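You will see two complexes here that share subunit A, one where it goes with subunit B and one where it goes with subunit C.
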Partner chain A sequence: MGHTLAIQKRQKTPQEIFRRVMLNLAVACIVIVWTIPTFGLLVSSFRDPVAIDSTGWWMAVFQPFTHGHWTLGNYIEVLTEDAMGNAFLNSLLVTIPATVIPITIAAFAAYALAWMRFAGRRLLFVLVVGLMVVPLQTSLLPLFRLYNDVGLAGTYLGIWLAHTGFGLPLATYLLYGYISQIPRDLIEAAEVDGTTPMTKFIFLVLPISVPAVASFAIFQFLWVWNDLLVALIFLGTSVDVAVVTTRLSELVGSRGQTWYVLTSGAFLTMIMPLIVFFSLQRFFVRGMMAGSVKG
Partner chain B sequence: MSDRVSEQGKFSHILMTVLGAVALVAVFSWSFLFMRDGSAPRPVIALVALLVGVGGIWGLFLVADRLVALLPGRTRDLLRPYVFITPAFLILLVYIIYPTVRTIYISFFDFQRGGSPVNFGFQNYLRAFTDPALQIALRNNALWLIFVPLFAVSLGLIIAVLVDRIRWERFAKSLIFLPMAISFVGASVIWRFIYYRASFGAQIGLLNAIRVALGAEPLGWLRLEPWNNFFLIIIMIWLQTGFAMVILSSAVKGVPSSLLEAARIDGAGEFRIFFQVIIPFVSGTILTVTTTIVILVLKVFDVVYVMTSGRFSTEVVANMMYNQMFIQGAYGRGAALAVIIFIGVTPVMIYNIRRMNQV
Partner chain C sequence: MKMELVNLNKTFRDAVAVRDVSLEVGHGELAAFLGPSGCGKTTTLLNIAGVYKPTSGDILFDGVRVNELQPKERDIGMVFQSYALYPHMSAYENIVFSLVLKKRPKDEMQREAKRVADMLGIGHLLDRSPSQLSGGQQQRVALARALIKRPKLLLFDEPLSNLDARLRMSMREEIKRLQVELGITSVYVTHDQVEAMSMADKVAVMQDGNLLAYVPPGELHEHPRTIFIAQFIGSPSMNILDAEFVMKEGKPTVILAGGKVELEVPQDRIPKLSGESRAVKFGIRPEHVFLEPQATSDAYAAVTFVESMGRENLVVCDVDGQRLQFLSAPGETVHLGDHVGMKIDMKRVQFFDPESGLSLLWT
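On to the complex of A and B.
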């Protein structure tokens, strides 16, 4: 189709065709180089442990029947024996509330900042913007000691709140940017039949804000899912609470050369982000851009 | 709404609200003990955790709003906004303001000598900057700081310009962007596999297999000082190029075609167009992407932690901070490192937020 169009316009000179081919080749090379690392890992994760150690994964690609030795056993073993299944469940348990809670709190605050009058409004706004520049590293030690004192260390509630704290300034800022742009007429029209601010917020403002909420939700979900540092400090590495990232890094430490465990384990940590990536690509890019100023 | 209900309705309303509040508190405390106790089957605990975590926060806001609605007119209207903002304020106070102040405070004390902490003045900082280990970490951070943004942004821009002219642009872009979805830990495992050196048998790591095929000896890439730093840096470049590409791509598409046409008519070659038309046009975006990656790199931790734990002279400041704080218990020195990161990140962040506001 493209060809006929091009011919209709005008004949291409050989030079132009050569250029076009080179361009496509160059991009193809870059794409291949960028994909090979992940691809090699994926292929290896489905090979028999002995096969992984005796021939490179590329042999399994070139001769899938003689050198492949395909199996799902690696996954079964890493899910059960190496507690990756448990870690996967823990990751969901950490990530879902650690995404919902900060967005909820931020949305309420953003609405009040944008559409309600109260003493201290300016102060709160300055605080939100100002705290965006503080990296979470400066919070870790005092919080860790506080958590040990009050018994929050190693609990889900503890890590939900920690992620809430670290994500809140950015979430509030982004949602404020969106909610404050809702036309005044729309907000005031809802006032007629004696609605409370709460009902206005839930039935009018939140539904309108879905795009902003979705972008931030995707960013926060991936951030928490992929986080290692916060999980390491506030949840720890014991098998019953460890999330996929801490579990995988433990496996690197204890079974650093056991490639059938590491490849399948690593791929398990990636499945969730990859699903989000492929199913919600447009929101994904927007979310990553929105989140790029996270301190 | 509650203003117009009858006396009897009002009473039942109060009753319901109070009961709701009591129920909420009961559910919270019960579930916390339930989860900590951990004797129930895991899926049950998981379900309870999810329901309490997600539902609890909404319950909190709704019950608080109901409680405030019980108050007489003026007080109620005065207090209502605080139902909306108090949770956010408290979280910011407990999770950022208090700990940051406390970290700065701790950084002036010495905890290592047993007993009560000793006021140490700027000793932690002085020591940090004279410590040979930190010198290496600072050098490595500088390497990261130069090479990750440089390569990620340049490659991102080149790719953005190239893919703009092909038909399978979207496909190419999503494959290059894909590493952005992968955690640093996952990416580290991917690259460990590439750098792997088998002590016996076939080389199954890609790089050493290529070396062997070319007739050379396999290398222990991650122990090869100081080059191992660059092998870690490559991981971050691989992860961040897609981010730079996507943002720069939309900027490149914004270059007016009339500008490009005019340059072509003047006889400018593609290279001149790239350097003299496209780069000046997207320079603002280049700056934004660069600063964003700079912030990320200043705090780089996961890759080093997983790949080498800072051994073989690959230490970086954030990993050192983690070790000092949580492994060695040298709180004062760890806090000083956190403050150093803070001081490094903040100006760049301020700049970044300012820019974001202008767009």
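On to the complex of A and C.
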């Protein structure tokens, strides 16, 4: 109030400009180094398999007409492969429930751990966090034997449960971190307004936690979509259930004879994660909590 | 509704937050809970709201024990310091949320929302989200949300402390006006004594979980029961000096500043003491000390600090090692390092027991 004079924007000194330029240069370098392999893969995916084997992808970039040998053959080969469409469907059938189920459970759990009082709450939380350090690989074999015994091996339910189990600790932990930070006043206001623990969760906690839920959804979706190990073990390679990653590794062959199909395959399978990422990205609205509480 | 607390105690693990608080808020009254932060006033409020359950003691609404009732069963409205608006809902959705939970029909919601929004002058803001509202507007929405339930009891938890000074004054008036118009029994928690004194019918002063006094504002100011209350109420705060009370030549006399100052005490201000002479704490408000030419002054001291308060100056003196502050009238200029004479209005003095801090005048 009263300060009618705006502070003049200060001129930047040469040192500051220099530092700025250096910083941007460094960032640019990292980005380039980071994306070179992907770029190389993209170039290769449009080249003839023979050309891929004889010259490096950079040759195709620098001398696109003599060394390019451009073709869409790799894409056509993957797309026309009989089981590929089916594999896409299978991947979706695995990934969507394997994302939704753990997030749903984790949201409820995180809310209870953060805002409800019950005996053993802390112990339970420590247990969940502790489970994060258990490597997935150690539980594969015992789980596989268990699945065989109860008949879950090779079923969708089986792989949903597996991904849910592997994803839950981190999901619960992340969502707990977010949900426990909801201002106490908001929770108390909702109680005075007449919520039950359930309606409080549905109307208040869940909508507020959308950014956290969305970010974990992306993580889990990418992880499950790109996963080969868990799918290979619990779902198997039979064409009617195999997911995209399994299918691709089958295509490549046991000795990697036709590895070039991976180049186009990689970009085709990338489409789905990109769609998920860009559609959920809008939930990362900065300052979701702005205007709710002050002080 | 009449609200009573009977020997209310609230303990968190080992920490006692509220100790044996008993008081009664009559129908349509506004009671202010006043105290420094951490004194237990908000904890008491949350007990009344039902967010906390008392460790022992009873909470009575119209004589009925409500200890076990959930917040939503208590017919209360609450306004939070942080406003606590639901960030993902519009102002309208915030206001009608309690009706949504009760599954009331849409037209009733709209009617009720209009009623409270008009009362608070926020009818044009209902479509906005909380983040698009200013602090004062958010506070009104929070108030509307509390009022739409037609509560029997309104609870305020430092509702104005996040507003700027001018807005605070106007909201203070508005809340008081609404409270009187609607005749809602209210409990108002604040650390701002001006707020408490100007709004409340009765002020409950709390310190360290104890209820020190529960009296009308005027009495709190004029008849403070303890040194804490005396110094907490009123700004600038009351001077407290070490003194001795004696009967000198048959006259009740107070001796200050290690014997340099002797003042006669009027009949109605004689401290209740068991013996004839005793050490006491002598209290006098800054507004009851005046500049006086040295010849006729009660005390004479060096000025150690002068603070301009706009209309008047706050002058701080050193009286035999003790701090005495008073207000100089506009036009009187006092400088740092000056020696000034002072006159003390003996009809306004207070006496306290040096050990217990209890008043020796009022019990």
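In this text, the second predicted complex is superposed on the first by the 176 of 295 C-alpha atoms of A that agree within 3 Å, B and C clash if a C-alpha of one lies under 4 Å from a C-alpha of the other, contacts with A are read in each partner's own complex, and residues count from 1 in each chain.
Rule of thumb we're sticking to: a contact is a pair of C-beta atoms (placed from the backbone, for glycine too) under 8 Å apart; a residue touches a chain by one contact, two chains touch by 3 or more.
Please read these numbers as outputs of a predicted model, since none were measured by experiment.
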(request) Could you tell me if A:Thr195 is touching subunit B, subunit C, both of them or neither one (first, second, both, neither)? (result) both
(message) Quick check for you: in the superposed arrangement, does A:Pro14 touch first (subunit B), second (subunit C), both or neither?
(response) neither
(request) Identify the partner contact of A:Phe203: answer first if only subunit B is touched, second if only subunit C is, both if each is, neither if none is. (result) second
(request) Could you tell me if A:Val129 is touching subunit B, subunit C, both of them or neither one (first, second, both, neither)? (result) first
(request) Based on the superposed arrangement, let me know which partner A:Asp185 touches: subunit B (first), subunit C (second), both, or neither? (result) second
(message) After the superposition on A, what does A:Leu41 contact: first (subunit B), second (subunit C), both or neither?
(response) first
(request) Classify the contacts of A:Ala162 with the two partner chains as first (subunit B alone), second (subunit C alone), both, or neither. (result) first
(request) Tell me which of subunit B and subunit C touches more residues of subunit A. (result) B
(message) Residues of subunit A that sit at the subunit B interface in one complex and at the subunit C interface in the other, please.
(response) 194-195, 199, 288-289, 292-293, 295
(request) Using the touch rule from the top, collect the residues of subunit A that touch subunit B in their complex. (result) 2, 23-24, 26-27, 30-31, 34-38, 40-41, 44, 52-58, 86, 89, 92-93, 96-97, 100-101, 104-106, 108-109, 111-113, 116-118, 121, 124, 127-129, 131-135, 137-144, 146, 151, 155-157, 160-162, 164-166, 168-169, 172, 194-199, 201, 222, 225-229, 232-233, 240, 245, 248-249, 252, 256-257, 259, 262-263, 265-266, 269-270, 273-274, 276-277, 281, 284-285, 288-289, 292-293, 295
(request) Would you pull the subunit C residues touching subunit A in the complex into a rising list? (result) 46, 49-51, 70-72, 76-78, 80-88, 97-98, 100-102, 129-133, 135, 138, 145, 149, 161-162
(request) Quick one: which bits of subunit B touch subunit A in the complex? Just the residue numbers, please. (result) 1, 3-4, 32, 35-36, 38, 42-43, 46, 49-50, 53-54, 57-58, 61-62, 65, 69, 78, 80-85, 87-89, 91-92, 94-100, 102-104, 106, 159, 162-163, 165-167, 172, 174-186, 188-194, 196, 198, 201-204, 206, 209, 238, 241-243, 246-247, 292, 295, 298-299, 301-302, 305-306, 318, 321-322, 325-326, 331, 334-335, 338-339, 341-342, 345-346, 349-350, 352-353, 356
(message) Considering only the defined contacts, which subunit A positions touch subunit C in the complex?
(response) 183, 185-186, 188-195, 199, 203-204, 207-208, 210, 287-295
